[in-house]
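Read from first to last, the chains carry the letters A, B, C and D; within each, the first residue is number 1.
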Amino acid sequence: MKKIILKEKYVSDDFLIVSFEFENPFNDNTPDFIKPGQFLMLKNRTEPILAKPFSVLNANSNGFKMLIKIIGRFTDYLSHAISGETFFYRGPYGTAFEKKLDLSKKIITIGGGCGAAPILFFNEYYYKNIEKTILGFKNDSITNLINIDEAVYESLTGKTVIDELNEYLLHRNKKEKPIVLACGSLGMCRALHKHSLKMKYQLFVSLDERMGCGMGMCKGCPIKTKSGIKMVCKDGPIFNSDEIIWEW
Amino acid sequence: MSLKNNNLSVDYRGINIKNPIVIASGPAGNGEELSQTIDLSRIGMFTSKTVTMKQTDGNPPPRIVDVYGGIINSIGLQNPGFKSFMKETLPFLENLEVPVIVSLASNYTEELETMLKELDTRNIKFLEINFSCPNVDKGREPIGTNPNKIFYTVKKLRKLTKKTILIKFAPVDAILELVQAAISAGAEGVVLSNCPKGMKIDINTMKPILKREFGGFAGPAIKPITLNQVYQVRKQFKDIMIIGTGGVINHEDALEYIMAGANLVGVGFGVMLDPFIPIQIVEQLEQWFKLRNLNYSSVFCKAQSL
Amino acid sequence: MSLKNNNLSVDYRGINIKNPIVIASGPAGNGEELSQTIDLSRIGMFTSKTVTMKQTDGNPPPRIVDVYGGIINSIGLQNPGFKSFMKETLPFLENLEVPVIVSLASNYTEELETMLKELDTRNIKFLEINFSCPNVDKGREPIGTNPNKIFYTVKKLRKLTKKTILIKFAPVDAILELVQAAISAGAEGVVLSNCPKGMKIDINTMKPILKREFGGFAGPAIKPITLNQVYQVRKQFKDIMIIGTGGVINHEDALEYIMAGANLVGVGFGVMLDPFIPIQIVEQLEQWFKLRNLNYSSVFCKAQSL
Amino acid sequence: MKKIILKEKYVSDDFLIVSFEFENPFNDNTPDFIKPGQFLMLKNRTEPILAKPFSVLNANSNGFKMLIKIIGRFTDYLSHAISGETFFYRGPYGTAFEKKLDLSKKIITIGGGCGAAPILFFNEYYYKNIEKTILGFKNDSITNLINIDEAVYESLTGKTVIDELNEYLLHRNKKEKPIVLACGSLGMCRALHKHSLKMKYQLFVSLDERMGCGMGMCKGCPIKTKSGIKMVCKDGPIFNSDEIIWEW
């Protein structure tokens, strides 16, 4: 794995924004280092703990930034790490969103929690393609970390991203069939899938599954699809929601 | 088994094995991705993901649970089945620049016979019989924990091939008995060990995280247990082939296994942790031996008291 | 067994146990030092270091080997022998403000009978029979891995006392059989688990670090294995007392054991890591329950499918 | 355990000097916080790795300094740690040298490798008691870290601390029986013991044994003595070498 140095870290509640610098920019800084939808596997220096998958919020030739939710061992470790500490990454892995999306069309993007990260990255990369964006958070603690114009805070408004999307679609004045790209928990993606059937839009979901290798070898991150068992890490994380068999 | 001086290579029954590092069955799949990430020709041997007669979906997610020093996995032998393996996968494996071990599993002797017969003529080096997957339901008493059934099955398989047959066991209390059954039926050796059973409970849902409750425990956490299995088996069986597997993530781990008596050393979890680990181990081993002016045969089995 | 609301206390056969946290046998010795470091009255129960009939020096050093997620130990039941224990140690234990479990070991039924008879009248709550120390040489086939011998021995002991008898086992494949033997002979329950066997080799000397080659593996690394043992035993034995032990270092670990079906939870390695850990666990448990408005009985056994 | 912050770290070869600051000086800074001969158990933040015993080089109300040899997991971790990182300690444990030594007499002190740490601390504390000091190191890389006047470098002079002590004793012009306090590897202590029998001096050794609890509970650190098995952590680490049964 390649060395990176933790440069900055901001914590608010259970969210974290971290930026890492490459140890070796010359080897890492190709412009297409990572594309929206792809992810990196991150590991700390000492524990023999599996590397964990994270999307990037943005990246450049010096390093990358991530939006991370503190939920367990690695993310908690990261939340206590200090500037200058060494970490390791490998990747990028996974299918870039652009490989499965028709970029001649406009897209509605939706993110739930830290699922906002790849969506914001996608929005930045393909700003011309964005029809509308909705990013849902439980509460507004995230505002201490970044300004997100498109954010919706459930605990304040009582509305989920699906409620917001529903409202938007009801008032939408376009003849093209809506295309939605969503990244969030399995629960959110499943609910969106049902909603997409009702509201007749095309839905792409970027899934979150526990990973082992992150690169398709270990068969650790399965999703059942109409064409058999697929691996979220390699065949996804983006899938056409019609392809997925949601109950297993 | 003879060893050339000043390098790591192992000659075993006419097969030249570059070095003692073997990619263990499972974590690296069938090498499609790994071969694009590392130069497999620098590795000693490559083991296929275990093949079963019928196509198997494997278990529903989650399949990987993080614990201290390792993971609990519940893959459930996901594989496309023997027919597809022979058509789609084996040609690919045969063309890798690394000697291949094919891993087979079934709880029915006849299925193993069928698969083994077809494999006998192919360009593979060893056959590994996985008698110990913790993650599949068995319709009846498993072969792999009953010495009589092991003897019966291996005896039948022995008649069908001249290739080296290795039997893979989990770390069990009765390991010496099981190995005895396998060896006296004609197997050349054993792979020690598969994953012991482990469990984790999600305290929020209050349920086992894995749908099948327990899974297979892998990674550095199990090394003390699996290393002891290798040591105890080598103590009783001086001449068999042993692939020592369990928690190897660096050259020191590998050296411990070789000193305990493993001819070859398997890396499973380590490949998932970081696919470059097997090559790093080879490089570190080379360096370690060079620095000390030692070679493989000067450390092999050295932890055994004479 | 009934549980009071809103707190952690456990009433078991007329004994009030403040909370489910038990100091396991060994790592905390006989409490001389621990009682000067933490307030033992805040702990559920305290288990004595295992006593043997004769004074035992224990094994030569090293006795502690560091591995990922734990240690391998080779203490070898160092203790001053039963006579000295009764005179010097037991009065001290009886005066601790915590209910005491006395742990006994012998490979001879008669020795256990002798010790148990003398202990029957003393102020101790449970008797624990340690059938599973990995670190002592046995002159003959051990009692603790043979269901018939277990049955025979426990039956004899049962006749000598009305106190709760618990049998301590290592995590073994045949655990259900062994527990069955102990319970049907009249034991009230079991302690799961003692240390599985583990080994480490010093790659510089090329020898096992421990003079007895293998030792007892303890700490977070073994938790997936011992937790599974508790879960599997509880599944078969609904009403027995189980002390779940293995790798507990925080309240989440303890909750996993309780959810798996442990009445009480033992802490061994954790006390060595940091003697304040048992009290921290109690405090964290209180907080965890309070935050969720839950109590012990609302989580006990909840991981078992009904 | 109590929190401490790594303040400074200097590495040279396989030696390390580290200084830690108490998180909470008010609770830790009693003047007799730690006495020469006692040790602290140190642990890092994340791994469930046993705490390891270390002597201090010196201590004050703000923190303490240690001289550490990099030999394994924890010491390697420490050698890569960065200023500001959190560690934990407990203790002090063990018998202070002063409890077993007759401080009305002069003492010859000897340290081997990182065994120099408690000796330097003792020398500072009881400078009036020191008759002579010899500190042996394999090579002089230690000079990059601290100035030690009394140091002897084996690879330069070909002489061990015992050779030096021997020479000193041969030319010693005092009538009192020499008293030697030595801290180093088991091998060095054993060799000194033999030497003490020949040269007829009184020898106290501070032993290095792998530890579990560090406080006498776990029976993890035995030494065989004429009065039975003792624990290095609690009954020692200082022992009268006459008491010890060196072969077990």
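The criterion applied here is as follows: contacts are C-beta pairs under 8 Å (C-beta built on N, C-alpha and C of every residue); 3 or more make two chains touch, one makes a residue touch a chain.
No experiment lies behind these values; they were computed from the predicted model shown.
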Separation of mean Cα positions, subunit D and subunit A [Å, integer]: 52
Distance from the mean Cα position of subunit B to that of subunit A, given in whole angstrom: 35
Intercentroid distance (Cα basis), subunit C paired with subunit A, Å: 46
Overlap residues in subunit D, where contacts from two or more other chains coincide: 47-48
Touching two or more other chains - residue numbers and ranges from subunit C: 68-70, 220
Touch-based graph of the chains, sorted into line, ring, star, complete or other: ring
Touch relationships between chains, expressed as pairs: A-B, A-D, B-C, C-D
Sites on subunit C touched by subunit B in the complex: 67-70, 72, 145, 172-174, 196-201, 203, 206-208, 213-214, 217, 220-225, 227-228, 231-232, 247, 252, 255-256, 259-260, 299, 302-303
For the subunit C and subunit D complex, residues of the former touching the latter: 26-29, 32-34, 37, 49, 57-58, 60-66, 69-71, 73, 75, 78, 219-220, 249, 271-276
Complex contact set, residues of subunit D against subunit C: 1, 43, 47-51, 72-73, 88, 90, 209-213, 215-224, 228-229, 234, 248
Subunit D - residues contacting subunit A, complex: 44-47, 77, 80, 82, 84-86
